[in-house]
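Labels for the chains are A, B, C and D, by order of writing; each one numbers its residues from 1.
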């Protein structure tokens, strides 16, 4: 594992970095991009929640989870469940044999709303569920694993297996989950149509502020003694134990936190894109999100966000330009980054650029990796 | 102008053979020039700001060319490109050449939604030909309805859907299933069925319909078992054992994608002989057999609306043109043919409506008939599905099908079948 | 023998085996309050394993370990630490890329749970405590330095300091002077004798000169068993010991 | 469940399910062996393992074509040649990968996961561009299809037997290589202490390269064998990766015996469950069982208890 190098006055560096990101997503993008592209960026930003979580979980603490898609997905599904119930009012579902329940239930001969769906009739409960369900799930996994001192590759692969199990379950129990189609055709939130351009702008900004908040929390933790302990756990687990800390608890905490962040991202995804699909719970997106984080720099909150934007922008523009060959580019990108900048773009900045620049403060800040604009 | 004439010259290669003293055709041979000559003004044919110029109209092609679904969707892409080429060769639609923008759905539903949006919002496509799995269609449907686009969807699917913004050029479940079941009970005297499927909405809904039909409409028939496997599953020995023990008259298989290969290879290896054991599938087209290998599935029955071996002039010409464009080895399955219908139906509709406007197209669609369809003849129903015949084919060693049965008349599409839900 | 003892630490008939190989075999070991005990023995005698057993890093196969008359076999590492046993490893294990100050701060026995750590504030009291320890371990003016830049000897001291700041009643040091210069060794010896005042210490050491300079009692381990025990002279006089170890 | 079966039927269920389980077992072992070597011995997480298998499958496809077109007389025996080709090509690809990619990452095992993931994307697209997006059908010589009638209800599938035999042989060879040959000794030395073995004059680089190459080569053979039971398409490799890793991890990365044992456990439980539940549920249950057991024995089934 790479180690955090010594940064020149990290706080000021951070502040300006944060400012740059904030300006970029709050001002530059909305001015530069049409609503369709902006909505795309909004979608990318929902992945950034996961990446930020991974910075804490993987970058700081060294716990590589290949199952973050699980929590992104669960969060998204909880949100989708509420919206779906609102969308499938008796009026909207006249043609069904049982009006008033989601269409996919009707297709599967379910004639009454299942109990697990009841809570999602209320928005407050649903919002609680968005955070609570994934976090609880993470807690169960985390407790089981870390108390038993499962770590490293083993943890990574087990989370992968859990993702596989969950995918099969969601697809198999389609009467209750919408199956492989996911939960589609979501329309309104408390009567407010989330599909209009206006709504898309509002949701975009909500997403931005939530993300900035998440980034702040993550950074605050990194800066606190807790943050130092997490790094210590990564590099010197035994010593931490012999300093009287219960390592497992710290790991569980950070894993749950990362999951909660992912869940928020998932919920925002559902709101902005208008549906939730089981493909997120699977393995591929989970690994992709780890890669976003690696590209940006697994130890840098700012880096992770920038990396997420960058990779997705590359992905979209390449796949639009060469629909049949873009995978080459993606694969090349991942390999290149892993080989060339083990600590991602952020590492590139802090290790390569800043030291070479004249006097620290102003420059070091300006040298925060600038994301390629999503255009 | 009746679509009668057009049907003649839809397929350039066929001109020669069809020209034999057909007055209509000699007229239609000159038709392209006419078409471009009296091309209506853009303002007239495009009142909603679609990507239409005086010389060009832009459409979208949206399929997975990467990821697991690329296996199946490639054929559709090829067919749609062929159809567009041919239409352009005849002077295009309303005197405008068709320009297509291709996007990759990457076998990932959210990506499909993203790209669909791009095609409609940014590229202002007049029509989109695409999607394969139900999941991808469900993902893009709200997009098409919100931004008022037109989707031509080629795959046979589970039904339970109907949209102003979609034309379903494949068969819906009842069209594809019922006739086949009736046929198998009638001719093979089958009484007992074992239903298999990949674990997602289409096989489950189709099996549901099949079960209802078997239990409620077929005298003295019953279902011995019903089972589903995760997509991409490659181990079927257990279920094959169950089949051997329950000894059903008919194995009714709706397994998709790579699993097919594993399933049929293992069936063969397990010594289940298709010449004795009746196997009826609605998910295996010539495309799948390419991967399965003819020797592993020869003797099985498939029930759908099109087979490459269909013997009619339209199809001969279509197959020839397809092979000319994509190589003589490429096979053509039911969905590929349905995908080929898309651009043609759209063209006919546009010329019937005299406009590219989505609303006009949607309104004009019902009743549009395509006499040049490789499958013979199709007509768009009020519910935006197609009237089409259903056929049963028996797989040959060479990967082609012998058509052993075809419904006398067109089967009416019925996406919301009463008594089957 | 009575299971209740007035010893600070009591190992009774402790055994552990790795795949059949008995690393420690029916070992009895008693350490008094305020005693500085040195364990010596040839390589593979099981010295480090004994420390591992006491601090819970390795689980005993059989036998009992009592600390202040309480059974600690089966306790988690951090519990044992919290009961007052500190352990230094053979190779200095410190937080390489934190500063000396942060190393000591993290080891301070406060804010050990998640919340406490999250809202930890660096009070004057904390600083004072860190300063005090830093002075003891000869690093008072190195507080700002990244630990990775310290010399090997200084790292050893820092690790000792990280134990001291927890104020344990029993301190276990695995080869504390390994790789130290002569002057550093003297300083370390002084440090240990200084520590002793209010706690017990177990030291594993090869360097006989150093052992003589600090040891109260010496235990000689051989093949996981106690070969001899007593003050330095008697042990050195012991023919068995001569034979297996000191002799040549 | 049992009511409608006679005793004889039940017996043959037992027999045939057992056999089905054995086939699945051989499949798992074949999948896992290559990975067990690479992951277990080198700690490299090769996410492209599935793609190396598919590479082998495509090689088989090509070989069968060459035989059909040029030397149809020997067609019935082409499969053995195909396996050799698969081994060589995949192995060579493995060596190249190690040289270009892996050797730069030994210090960061988890990063090999990301890099090889990138590699797997590239390989998939390469397959697609070269062999086309559609599945390719690999035809088998007739003697490999069909099955032997043991009793009137019990049948044994020939290609099943073939896979089992193959598994047996390859496992044997690997075991000998690992525990009897000089190379195996070196590998194990490098695993237990890279620096030291370097110091005593073992060319660790060479050992690594060979190990990785061998692992990929075996993956190639596995892929070639899977053309008998599975599909050959650019993205088919993805199907195997999770199962494979589970088998290896569950077995305890370091020991071949562990890998075999875990493959046995997983396959038998799965095929048994498959009979009483539906395919999907059986899969879920199996995975859950494995996860559960892994929690109880974090380091896998077969690991030595050692002083840390």
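We adopt the following convention: a residue touches a chain if its C-beta (ideal position, glycine included) is under 8 Å from a C-beta of that chain, and two chains touch if they have at least 3 such contacts.
All of these numbers come straight from a predicted model, not from anything done at the bench.
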Interchain contact steps from subunit B to subunit C (minimum; 1 if touching): 2
Joint neighbours of subunit D and subunit B, given as chain labels: A
Of all other chains, the one whose Cα centre sits farthest from subunit C: B
Most contacted chain pair (by C-beta pair count): B-D
Whole-Å separation of chain centres (CA-atom averages), subunit A against subunit D: 33
CA centroid of subunit A to CA centroid of subunit B, Å: 38
Rounded Å distance, subunit C centre to subunit D centre (Cα mean): 48
Rounded Å distance between subunit A and subunit C, as computed from the means of their C-alpha atoms: 45
Set of subunit D residues in contact with two or more other chains: 124-125, 128, 238, 280, 283
In subunit A, residues with contacts to at least two other chains: 168, 171-172, 324, 327
Set of subunit C residues in contact with two or more other chains: 57
Footprint of subunit A on subunit C - complex, ascending: 55, 57, 76-78, 81-82, 86-87, 89, 93-98, 102, 105-107, 109, 111-114, 117-120, 146, 162, 166
Residues of subunit D defined as touching subunit B within the complex: 5, 9, 12-13, 16-17, 19-20, 23-24, 27, 124-125, 128, 132-140, 145-147, 149, 153, 155, 157-160, 226, 228-236, 238-239, 270-271, 274-275, 278-280, 282-283
Complex contacts: residues of subunit B adjacent to subunit D: 65-68, 70-71, 73-75, 107, 199, 227-230, 232-235, 237-239, 241-242, 244-245, 257-262, 265-266, 268-271, 287-296, 399
Complex contacts: residues of subunit B adjacent to subunit A: 65-66, 102-104, 106, 108-110, 113-114, 117-118, 121-122, 133-135, 138-139, 141-142, 146, 158, 160, 199-201, 204-205, 208, 228, 230-231, 416, 421
Sites on subunit A touched by subunit B in the complex: 34, 36, 39-40, 43, 95, 97, 103-104, 106-109, 168, 171-172, 174, 179-182, 184-187, 195, 273-275, 277, 279-280, 316, 319-320, 323-324, 326-327
